[in-house]
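Let me begin by handing over the structure; questions about it come next.
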Amino acid sequence: MEQKRLIYMDHAATTYTKPEVVETMMPFFTEQFGNASSVYTFGRKSKAAVETAREQVAKAIGAKSDEIYFVNGGSEADNWAIKGIAWAHRDKGNHIITTKIEHHAVLHVCEYLENNGFEVTYLSVDENGLIDLDELKRAITDKTILITIMFANNEIGTIQPIAEIGKIARERGIIFHTDAVQAVGNVAIDVEKMNIDLLSLAGHKFYGPKGIGALYIRKGIKIENLIHGGGQERRRRAGTENLPGIVGLGKAIEMATENLEEHNEKIRKMRDRLLNGIMEKIPYTKLNGHPEKRLPGNINVSFKFIEGESLLLMLDQLGICASTGSACSSGSLDPSHVLLAIGLPHEIAHGSLRLSLGDLTTEEDIDYVLEVLPKIVQRLREMSPLYEDFIKKGEN
Amino acid sequence: MYSDKVMDHFMNPRNVGEIVDANGVGEVGNAKCGDIMKIYLEVEDNIIKDVKFKTFGCGAAIASSSMATELIKGKTLEEAWNLTNKAVAEALDGLPPVKMHCSVLAEGAIHKAINDYRIRMGLEPWEDNITDLDDHHHHNNE
Amino acid sequence: MEQKRLIYMDHAATTYTKPEVVETMMPFFTEQFGNASSVYTFGRKSKAAVETAREQVAKAIGAKSDEIYFVNGGSEADNWAIKGIAWAHRDKGNHIITTKIEHHAVLHVCEYLENNGFEVTYLSVDENGLIDLDELKRAITDKTILITIMFANNEIGTIQPIAEIGKIARERGIIFHTDAVQAVGNVAIDVEKMNIDLLSLAGHKFYGPKGIGALYIRKGIKIENLIHGGGQERRRRAGTENLPGIVGLGKAIEMATENLEEHNEKIRKMRDRLLNGIMEKIPYTKLNGHPEKRLPGNINVSFKFIEGESLLLMLDQLGICASTGSACSSGSLDPSHVLLAIGLPHEIAHGSLRLSLGDLTTEEDIDYVLEVLPKIVQRLREMSPLYEDFIKKGEN
Amino acid sequence: MYSDKVMDHFMNPRNVGEIVDANGVGEVGNAKCGDIMKIYLEVEDNIIKDVKFKTFGCGAAIASSSMATELIKGKTLEEAWNLTNKAVAEALDGLPPVKMHCSVLAEGAIHKAINDYRIRMGLEPWEDNITDLDDHHHHNNE
């Protein structure tokens, strides 16, 4: 059951690390391995490499380099940002605003804080996955200390009006965190212009290494530490620096943001061809997420009458890697909270497919998926009692 | 995740389809939960002469349907009734723990189809101690 | 000011990643990069690699593989273990026992918990850095929920009687965590025999990659999560798996524990030659840490009348990488809490030098250090007013 | 961490040693804090004819001693008194923020040595507004 060819359409889950990035990392494993916090020259060279990477990350999001803190990944960044702000500002209030469609790294932290005396408002989204700015304004109370709203959604790709949210937060004097794990490398970001106070990012989403990420913390923002210990990261994040990871993150974010528009244009064109092909060839299909305000590589569609996991398995047999919002793929109970939040009925949510395109995607991949996907969907529908009922009703 | 047997029955499911003049039909599951299983029986002289299924669900659900129908084809109704979900799972070389409910669905669909046949025949339905098959998951957001 | 030759005697800070380990990691960057938590075959291969590594880690410490959780490093492991146990068991009590010589990743977590309603007993140590088991027993109260004592000390190398501590904890029904970040790869560890309930380790201390570590959690131990989010690591540690890191950690720990005794013997012999040479050639020198119960590669000595940072800088000029417990190297105020805890006066603690040997150490390195170190110490002493006073007093 | 100038003055310190018949000696710092600086002056006709130092301390402390002694050699006592720690640090192309106190020590040691000379000469010591030089750190564990 080995597939011969790999058609990787799960870039939103994780990407490969670009060879150029790996190359930059290599010397830091076996040669330039010195502890970046040590006194000797050998260690200070490591330190210099860390600081170069910090500047690369800062530049990519319009921050200053002393506002960048290296962490282990997107989840740690989200945990630190939200818990750190909550604990540091609990004297001012216990209210947090977020959305119903955040990643679990945000939602589960919010639930954790709810169990510890905080109150959380989960903003709803419209059928395209956008929040309502007026609802946000109305949700703000005297006790609101943090607004945490994701930049772009990992499932349906919808991009929120971050600058507008930042403006509202700034006007009301509330700290604004955004989970930009999906946005970095896909959307132009400027923390200054957008009034972002904290921003999470993860290397493995933009062709950097896994196991490294960063949290941007605007200068002057009070935050509690999440990982206590040694004095690394200006005493804010303990632990021996992940030198190759940090260097790789710096290189990757530089590459990802250098030709952002050009790169996006290429991905978007392929995405649109695939999406249009799917909508044309497969009836009873619904596009999820915003038609325009969406990540360039994201497709999320629901095929009525079938279930996502079986779809994934059949695609896998043909070497196509994709993902679904059906609960059956994860062993959990309900289908994706994001698909439910945009108003999909459970049975439609179960039949969803996310294809996320990226650097590995070729025009041949698009052709191939457009060739096999309609057949697979048809095959599963022919097995489905829901489709049978639907067709029979139609015949009547 | 899945055994080769599961993958085989998923990719090449046996007995898929509908029996238009079935004399026993059972459907269990719930679209909300992501799986519905429908079994069609053609019973003659207490023997399952033919059986077909339609399933909306994950790989394990489809493979369980395929395997379960294979296991009851040609059997007496008593034998078919006594097919347990464990036997289905074992015949598939096992199912992941979170997917065991798929084999339970298969057992339940067969029971329902047999009782549907018995009722059509004017017989007492057998007592089924598999309950709540249409809502075997517990939803948080209801 | 570039040194020509690198004499790396700071293995306790961090090590290089062995080429064999890097080689094992390589395919997981660019080829086998699939998300270990995904449905498709390509991702399941990643999953299999993660599980192999989990078994390698488990085997190295006598645990079962489903008791191993991958984290980002030693600091995260310590933070998770201590906070996670504290929060999960606070209904049973609020008392924690540790020592005065723990790493900051333990001490600062304890301080954090003290600020949050917990009480912490810091056991003292004798002049060799050993705790007193009777003092430990006496410190236990009805409210004690956790004993956290490091396996081996990072500065002075002293190895604690872990099995005895484990026995006491088990008898009293108290959870026992040990920070084994320095011990793994240097000391044989068996969590079963030693009654260890939680154990922290970090890859970069035993020739594995930086940015990866593990926490062993005995089956059945209740613990709160530190990083909330996705369902990775059996729902206990969120975040996309650091695939190359995990694979590298597995390989490294296997290599490090395979020929443990043989390897230690080699390091210990070189260490003893260096130590004996230093004690012979440099007067007014004190060995810190236990003479026998110490890590095979560890030397920690105090040279009277001089200060550690200037010593490090001079060594650095000759390409020797080492470390000191003097506060002046870190910009903090007091010298190392460990050296103070074993009873060194501040001025002696300031003159301390840690040389930690390891795989990169050669007999030539030992010769070289024995040649230059006495001269450097003498040179600094000749600059020192303390030495002047001492000599003058001697002359009277 | 350190500038080339600091490293030069650290590796090749100027004026290290003792002046046996010095007519002004000043010592500041505290072994507990990890730095002691001692300055020896040979003053003739209000001019610093020779100056030497001994320092127990970090690289910055040694470099500051070396640079400070260089800067006051051959100068009048008034000129030497007016040497600020900032001037020492600047002459070294800067010091890391956590090491600035080393330059303060140097200024203080010079002041002490000058006042020692003045007292020996039966003169009023000048008023020194650098205080607490022997315990410039704040210890937690006292």
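A few remarks follow.
A, B, C and D label the chains in the order they appear, each numbered from 1.
Criterion: a residue touches a chain if its C-beta (ideal position, glycine included) is under 8 Å from a C-beta of that chain, and two chains touch if they have at least 3 such contacts.
By chain, UniProt protein names: A, C = Cysteine desulfurase IscS; B, D = FeS cluster assembly scaffold IscU.
Here the structure is a predicted model, which is why all the values come from computation and not from measurement.
Shared contact partners of subunit A (Cysteine desulfurase IscS) and subunit C (Cysteine desulfurase IscS), listed by label: none present. Between the CA-based centres of subunit B and subunit C (Cysteine desulfurase IscS) the separation comes to 57 Å, rounded to the whole angstrom. Rounded to whole angstrom, the centroid-to-centroid distance between subunit B and subunit D, based on C-alpha atoms, equals 91 Å. Here the spacing of subunit C (Cysteine desulfurase IscS) and subunit D, counted between their Cα centres, is 39 Å. Contact of a single residue of subunit D with at least two other chains is seen at no position. Across the assembly, subunit A (Cysteine desulfurase IscS) contributes residues 1, 39, 309, 313, 329 that each touch 2 or more other chains.
With chains as nodes and touching pairs as edges, the resulting graph is an open line.
Annotation, chain-chain contacts: A-B, A-C, C-D (touch as defined at the top). Partner subunit D is touched in their complex by these residues of subunit C (Cysteine desulfurase IscS): 1, 305-307, 309-310, 313-314, 317, 326-329, 331, 333-335, 337, 340, 345-347, 350, 382-388.
Taken in their complex, subunit B has these residues touching subunit A (Cysteine desulfurase IscS): 2, 4, 7, 10-11, 13, 16, 18, 27, 31-38, 54-59, 61-62, 96, 98-99, 137-141. Of all residues in subunit A (Cysteine desulfurase IscS), those touching subunit C (Cysteine desulfurase IscS) in their complex are 1-3, 6, 8, 10, 13-19, 22, 26, 29-31, 33-35, 38-43, 72-76, 78-79, 103-106, 108-109, 111-112, 202, 204, 209-212, 225-231, 238-245, 309, 312-313, 315-316, 320-324, 329-330, 332.
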